[in-house]
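Both of the next two complexes hold subunit A, though its partner changes from subunit B to subunit C.
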Partner chain A sequence: MTALSTDSPMPTETSPAQLRERKDRRRAWLLLSPGLLWMALFMVLPMCMVVYVSFWTQTTFSVNSTLTTASWERFLGSATYLHAIGTTLRVWAIVLAATLIVGYPVALYIGLFVRNKTLQTALLVACVIPFWTSFLIRVIAWRPMLGTEGAINTILMKLGLIHEPLTFLLFSEFSVLVGMTQIYCVFMVGPVTFMIGRIDPSVIEAARDLGASFGTIFRRIILPLSLPGVMVGAIFVSVMVLGEFATAASLSGRKVNLLGNIIVSQVGSLKWAFAAVAGVVLTLIITAVIALALRIVDLRKEM
Partner chain B sequence: MLTVRQVSRRYGETVALEGLSLEVPADTYMSLLGASGSGKTTLLRLIAGFEEPDAGQIALDGTRLDGKPPHQRDIGFVFQNFALFPHLSVAQNVAFGLRYRAANPLTDNEEIRARSEAALELVGLKGFGHRGIGAISGGQRQRVALARTLVCEPRIVLLDEPLGALDANLRARMCDELKAIRERLGVSFLHVTGSETEALTMGDRVAVLSGGRIVQADAPERLFAEPANAQAARHLNAWNIFDAGLCAGGGAGQLGVRFDQIDISAPGQAPGAHLRLPARFLAGEFNGPTALSFFRAADGSLLQVTDHLSQPRLPDLVEGQDYDLHFAPQTARQFPGAAR
Partner chain C sequence: MESRILRPTLGLYAAAFLLFLYGPMIVLTILSFQGPEGGPQFPVQDWSLYWYKQLLGLSEASRVAQLPVGDSLLRSITLAFMTTVVSTVLGVMSAEAFRTRFKGSGPAFYLIILGMMVPGVLVGLGMALLSSTLGISRAWWGTSFVLHVVYTYPFAFLVMLAIFNRFDRTVEEAALSLGVSPAQTFRRVTFPIIFPGVLSAMLFSFTLSYDEFARTLFTAGRDLTLPLAIYGTFSVEIHPNIFAFGVLTTLFSFTLLVIYGLLMKRFTNRAARFAGQEDNG
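Right after this comes the complex of A and B.
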């Protein structure tokens, strides 16, 4: 009796499947390499350089590569600079909250109540219109609005609501907050609109059919489903606000010092080592903020 | 009892429903048969309150429904795509209505858990509560959607092509289960479908929706055997409808003859008592237990004849050849109006 044998000699040459897998892997590397190269040359390398420079020795007009912790000690020992960290964090938190408060209802309206896709796109584009002009103009345009003889003060005086111009409006932390909120709001609106627009309308109808009122549906369905959008928006806004210097420079009248402003002024006076310390601190803060955001919402799961 | 009276609904120029009237008696499985685009879903959406009719009334047990927001209507809606909450687990999906409805929500977690579990058990998903919506199959999602609706004990359940997204095997099984579940709960189901088999299998009563109104609502056996008009007959996919003038002595208007009640003979060989019409054999189609033969009549209309494999009664047919189709006069139904 002949037994059916299933084992044949193992083929020695590579099978077509293995060849294909190898080809796929090569293609993946090929696609990945430009990005990797770019990141290595223009991000990882400079980052290492900044950390390295922060330990260099700073003399009044020059910097040399003798390693020292002097710049770090001066930064961490100075109330001014620690205060700047506090200001940066405070401005970041307030602007983040403000963009969320202003932006979320807009996104809710565009994403949920405008069901016509063309109109949705048109409204989103309308949000970006301020970006058709330069950053500086957008910021400086707040001066005639908020100044002591600006539009708001004039109107309030004409209405008789105030008798003296409000001075806290311009060249204060308030004007910085207003300016930043206006500029960065759209970065919150975009991702949130996208997430809300992706909610299947029948899911909301199902919740209504099960007897839930609009408030409940918002809290239990729409808000949780839009959270990944909020998180992406928050990361956009955070990264930009934490590194900000221009809005503060032109709207605060030098009263508000953010970490970004310190870096600019130190670089301006050729204090490279000290600027590098501020840069490292800023990078650490941004990393911590993003890590925190990603802990709250698992984007890989939600998107 | 759900009463829909003279309801109309237009979308711009398009008329979806035109003076539609329908009654769904208490404790009844009613299926609503209609072609795609006939306004079936629109009717359900009007009843559920997602849209309002342009004219007419909708009432449930004598209370008017139109004008009330959907969450105050106490109607269950099972969506074609299930519309489960993607961020909630199976148990949370089922408990949603109990916990978050505006009218007397449950607050006792133990009671909510018990009732959700009972609902899951009813649809055969005991022990699936902790799963995520993404981690269950299409058939199971269908059951979750059903459990989520039934747990709220609605006064009537609307099902929008509930089996459309399932494969054929699962569909047959869900058909039986839906019927059994409904009988156990004693609540009325209004089940919308485009499949005549599904409508006839499921329904205690079947309503046919055509041209924006109900053209017939009857028991399935009666609807199948005696369609009241040509539109209803056309939806059953079992009736040839042709101009009566094609048959000598056929009278006026249109005639309807069931696919399985037509016999075929060579020209001139038909029995004298039968009505006959000449037609050319186009093609045959074999689909298992039955074989379909297609004929073209003199005026161009297409006729079908069904033959059962176990009891063949047709002669061997040659493509392109002329035959006489004949049938007993009493099997034909006379419909007024000209053929479409």
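Right after this comes the complex of A and C.
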């Protein structure tokens, strides 16, 4: 290519192809600029604001812009807040593992064992349909399911398996974990099914003809080829679970405090600087998780 | 073969999974027909439509306060509509830009995708801080609206990107080389081809915005949107009227889905008819 000629002082020498490329590029940026401007103003700027305000001075009912690290010191010195970081990480790890354990076999079934295209689509649609119910309603629907007079306890008592209702089911960390797993596991099932469905059946057939057992086929072919799907699913689930607060707020009975809950309660009591500190900590955690996942998989190539 | 055991086992597992997905909603639907004296749990006292009537304000003198859904429903639909229009336009423009490879496309791609990644509670907090610093009053049609677009625009963009990736560029070039103006080419050639994608992008944007809660919580100001009104009732004791509300909103969403399906079908039928004409001529 004549890439070097662009540096020369003779613009008349640029080829038509280069001219066209330049025109295309200008057009691309022109088309992109409203969207990018929107993102810069309404996403990047607010996020910078969170970092900035985390260094402001917090008084009882307001903040002023005198810079200080007092909020950070209070946050990092407080057992409650550090405990919230721990809870957030624990809930994230358990829910991520649960969505994988619950979702992967389903994805394997839909992607590999259902060969009828119509049935395959029908099963995937069946997984997506619950999303047409409002998120908050789906969360609250776990209350009549798990409560002491809820469906599970009623059924177990009728069957005579238990005599006292199980109380750990609702308003505990357990209910938060179950609720989050149910709400987010579809984000794992989707990408994994997609990747498994793309595996060429003849590869598996060839392995079988050569005498490989299903265990070997799974370990050597299916698992490695489905891994990008797992990573994409993991990114989706992680981002959503780490930023969560509504499920914990409505199902844990205030027993589970995630960083998101800390932010909400601090804003509620007008402690903007503390809320901002929690926000920055949350951003750091999410950035670390996404960076880790992106090192393993290139998101743009997989879409 | 092992798959003779494996296939039915996995089939059963998938069935159990669907039960896990739908179980809570089924229980919620059953309990929405609870009698007037019943609570949000089993047993069902007697089957009735009481809570549906109560929700719509048709029952006189109730022991439970009515859900504040009237105005907030209207606000949520207006907000979702505004979000749909803006994010679809932005999504189509950006995806169109990405059809040519250009320097800096990688960072631009990730900047857009970041909008669906960054937690709502964080941008919501940032927006609330920003607006109070700049002295802008918070409102659902202002501060909430821009955040909803930040969230839905990446989805519209990705949908359109997938459509454009499968789109034969030579059709457009043929029109252009025949002397049709770029604007006309877009209207008569490009748009009809990408229309199904546009419809999907709109459906995505509408449902996401209509249900969005975290981004609205700190930015809506005084007037509540529907999810905020629902969230407000969680802090106090819940009643079966929330269940009835859940059933009704799900039905509403399905109506939207059916409208989308009908529009899509009508469009593909027309396209098929058009293709048929071409063949005959």
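Basically, the second predicted complex is superposed on the first by the 274 of 303 C-alpha atoms of A that agree within 3 Å, B and C clash if a C-alpha of one lies under 4 Å from a C-alpha of the other, contacts with A are read in each partner's own complex, and residues count from 1 in each chain.
Note that in this section contacts are C-beta pairs under 8 Å (C-beta built on N, C-alpha and C of every residue); 3 or more make two chains touch, one makes a residue touch a chain.
It should be emphasised that the depicted structure is a prediction, and the values quoted were computed from it without experimental measurement.
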{"item": "Combined model on subunit A: subunit C and subunit B, fit or clash", "value": "fit"}
{"item": "Which superposed partner A:A275 touches (first subunit B, second subunit C, both, neither)", "value": "second"}
{"item": "Cα-centre angle that subunit B and subunit C span when viewed from subunit A, reported as a multiple of 10 degrees", "value": "90"}
{"item": "Partner chain(s) touched by A:P165 [first = subunit B, second = subunit C, both, neither]", "value": "neither"}
{"item": "Subunit A residues touched by each partner, larger count belonging to subunit B or subunit C", "value": "C"}
{"item": "Partner chain in contact with A:I140 - subunit B first, subunit C second, else both or neither", "value": "second"}
{"item": "Partner chain in contact with A:F245 - subunit B first, subunit C second, else both or neither", "value": "second"}
{"item": "First, second, both or neither for A:E205, with subunit B first and subunit C second", "value": "first"}
{"item": "Which superposed partner A:S213 touches (first subunit B, second subunit C, both, neither)", "value": "both"}
{"item": "Contacts of A:M39 with subunit B and subunit C, given as first, second, both or neither", "value": "second"}
{"item": "Where subunit B and subunit C come nearest after superposition, their Cα distance in Å", "value": "6"}
{"item": "Intersection of the subunit A residues that touch subunit B with those that touch subunit C", "value": "213"}
{"item": "Residues of subunit C that touch subunit A when the two form their complex", "value": "1-3, 6-7, 10-11, 13-14, 17-18, 20-25, 27-28, 31, 40-43, 90-91, 93-94, 96-98, 100, 102-103, 105-106, 108-115, 117-123, 125-130, 132-133, 146-147, 149-150, 153, 157-158, 161-162, 207, 211, 213-214, 217-218, 227, 230-231, 234, 238, 242-243, 245-246, 249-250, 253-254, 257"}
{"item": "Subunit A residues within the subunit C interface of the complex", "value": "24-25, 27-32, 34-36, 38-50, 53, 102-103, 105-106, 108-110, 113, 123, 126-127, 130-138, 140-145, 147-151, 154, 182, 186, 213-215, 235, 239-240, 242-246, 249-250, 260, 263-264, 267, 272, 275-276, 279, 282-283, 286, 290, 299-300, 303"}
{"item": "Parts of subunit A lying in touch with subunit B, wherever the complex brings them together", "value": "200, 202-203, 205-213, 216, 220-221, 224-225"}
{"item": "List of subunit B residues in touch with subunit A within their complex", "value": "48-50, 69-72, 74-77, 79, 81, 83-87, 96-97, 100-103, 148-149, 152"}
